[in-house]
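Both of the next two complexes hold chain A, though its partner changes from chain B to chain C.
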Partner chain A sequence: MPVEVRLPTLLRPAAGGTTTVTAEGSTIGEVLRNLVGAHPGLAGQVLTEKGALHRFVNVYVNDDDVRYLEQLETPVTDGDEISILPAVAGG
Partner chain B sequence: MTVARSVLDLIGNTPMVDVSSLSPNPAVRILVKLEGQNPGGSVKDRIALSMVEAAEKEGLLHPGSILIEPTSGNTGIGLALVCRAKGYHLKVVLPENVSSERSQLLEIFGAEIIWSPGSEGSNGAVRMAQQVAADHPDWVFLYQYGNPANPRAHTEGTGPEIWQDCPEVTHFVAGLGTSGTLLGVGHYLKDRNPDVEVWAVEPPAGEMVDGLRNLDDGYIPPIFTDLGGPDLLDRKTIIGPRLSIEWTRKLAEIGIFAGLSTGAALAGAARCAESIETGVIVIVSADGGWKYLSSGAWTGDLDAAAEEAKKKIYF
Partner chain C sequence: MLHLPGPLYLQIVSHCLGGLPDEACGLVAGDPATGEVAACYPTRNLAASAKLYTVDPKEHLRADRDAGDRGLEILGVFHSHTHTEAYPSPTDVAQAPDPTWHYIIVSLRDTHPVLRSYRIRDGKVTEEQVLVSAR
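Up next, the complex of A and B:
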């Protein structure tokens, strides 16, 4: 099932320059792997070589950080909004 | 009522108030701990005092010592207050896009402001402070993001206060900045009752992320990793400025004048309340509304106020 993934500014050049891209998958892991497959420039930026989430990347499904849901196994259903954001400081 | 010898003795022991009338689930109570009641006006007075006292114990501070700290405002204001009371000089690195009330309060308490680019957000302030501290090894860099005295202020203060006032707490919800409040209170409450859930609320990274040149400019506070933040948190959710302002306004309607991050925490609590059958949610109100009056958050059109908030750092 195709879902829309919102990219941060600094990852857009590697994905054709657009704000959102479409990728297939029924889990976050599948969506991200397919995303990197379609845009090889994103390799190593979103997922590490071992396939884990990049340390400084947060991925959200409908505003919830997937690290605190089921991580890469977090299910994705039709209409879900996925966004990728770099980790930044608050305080 | 006793008379305090110093304003610093008034830090902590803040009141908690029931705001369950705003809960979307009648079987879920929501309580707010009002950290705006601290003398410097925010929860950060606690960590300011805790970090300065820890540095004093280590012999790092002497009369007239100079301290440097990156801050989006509240930690700086708390530190400025503590430094004034104790006779130290404070320099803060502050992003340009904080509300004018924050910089004014810092100046009232005698802090010197070093401005960092607004487009780089708190990350930029942290980087600049690290550079300035490296250039001035005689200055004391407390570094709230990596100082264990930050979460300790909450393990020894905020957490026990919440437990004393509300041992029936089932969920704790607070904003994620340095992560000190969430870690300190979270660890304390889970030690008392492992079933307590800890939810973090964060603002959307928004425009400040546009200033990042590459992912490795990203930043995770060292205390978050060192103190097991990823294992401690049960949920982390983004609340945008519009929703934050909506809930800040709802609080005002019941007579509670709180800052915008309190609205975000309350919106997170509402999301939590909708997802559980029954429970008692405690949230931290990091500060009062005073420093945000210039943002127009309570007056006028909600969309315009939300647009204005997007340009500012309010956590």
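Up next, the complex of A and C:
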């Protein structure tokens, strides 16, 4: 099913410049793979070459960070809002 | 240039002092066109370390939504250096996510806090002027 994905400023240029895009999928992994399929400029920025969640981004289903749910296997249901934000860290 | 209203400047420095002995961190939001900061979001340092910081992802999401509701955008991040100068560390440079962001660092090494701000693009660090206004 299609869900809305909110993109951070940094990724918007690679996805047509919009804040929100629509992608299909029943898990976060499917949604992100379809997102990258539709917007190849996002390749390597959201998922790693091996298909894992990139450590420089945080992905949320509604209010929850998927790293604390079932990661890429986290189910997505109709009406869920997916958000991607940069992971902010340093020393 | 980073335009920082006095009350937000004080909020940033106060959060950094309150985080001692660990590093403290948070986000700033405002108008990206002018670089004027209009909101400050102190966050937890998930790393709970005197040498590293990680902005709590849930608090980041809340800040991002609140900023959006107010017609603002997250413009950058601030964090403290407890024992070094207010200059980006190699870790800060390597992990800087966004070349359009302002990277504010507060050094607590000396007797008075020192706040400086930088842009980090392709690993290159450029200091920017910080204008602190009365309000």
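The rule we apply is simple: the second predicted complex is superposed on the first by the 88 of 91 C-alpha atoms of A that agree within 3 Å, B and C clash if a C-alpha of one lies under 4 Å from a C-alpha of the other, contacts with A are read in each partner's own complex, and residues count from 1 in each chain.
As a working rule, a contact is a pair of C-beta atoms (placed from the backbone, for glycine too) under 8 Å apart; a residue touches a chain by one contact, two chains touch by 3 or more.
Bear in mind the structure is a predicted one, so any value in this text is a computation, not a measurement.
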Inset, instruction - Based on the superposed arrangement, let me know which partner A:R12 touches: chain B (first), chain C (second), both, or neither? - result: neither
Inset, instruction - Identify the partner contact of A:Q45: answer first if only chain B is touched, second if only chain C is, both if each is, neither if none is. - result: first
Inset, instruction - Return first, second, both or neither, reflecting whether A:D63 touches chain B, chain C, both chains, or no partner chain. - result: both
Inset, instruction - Mind working out whether A:H54 is in touch with chain B, chain C, both or neither, as first, second, both or neither? - result: first
Inset, instruction - Based on the superposed arrangement, let me know which partner A:L85 touches: chain B (first), chain C (second), both, or neither? - result: both
Legend entry - Common interface residues of chain A - those touching chain B in one complex and chain C in the other: 8-10, 56, 60, 63-65, 67, 85-91
Legend entry - Sites on chain A touched by chain C in the complex: 8-10, 56, 58, 60, 63-65, 67, 83, 85-91
Legend entry - chain C to chain A touching residues, read off their complex: 25, 27, 32, 47, 51-55, 57-58, 60-61, 64, 73-74, 77, 79, 88-92, 95-98, 100
Inset, instruction - Provide the residue numbers of chain A that touch chain B in the complex, in ascending order. - result: 8-10, 45, 54-57, 60, 63-65, 67-69, 85-91
Legend entry - chain A contact footprint on chain B (complex, rising order): 71-72, 75, 121-123, 126, 144-145, 175-178, 180, 202-205, 208-210, 212-221, 230, 233-239, 315
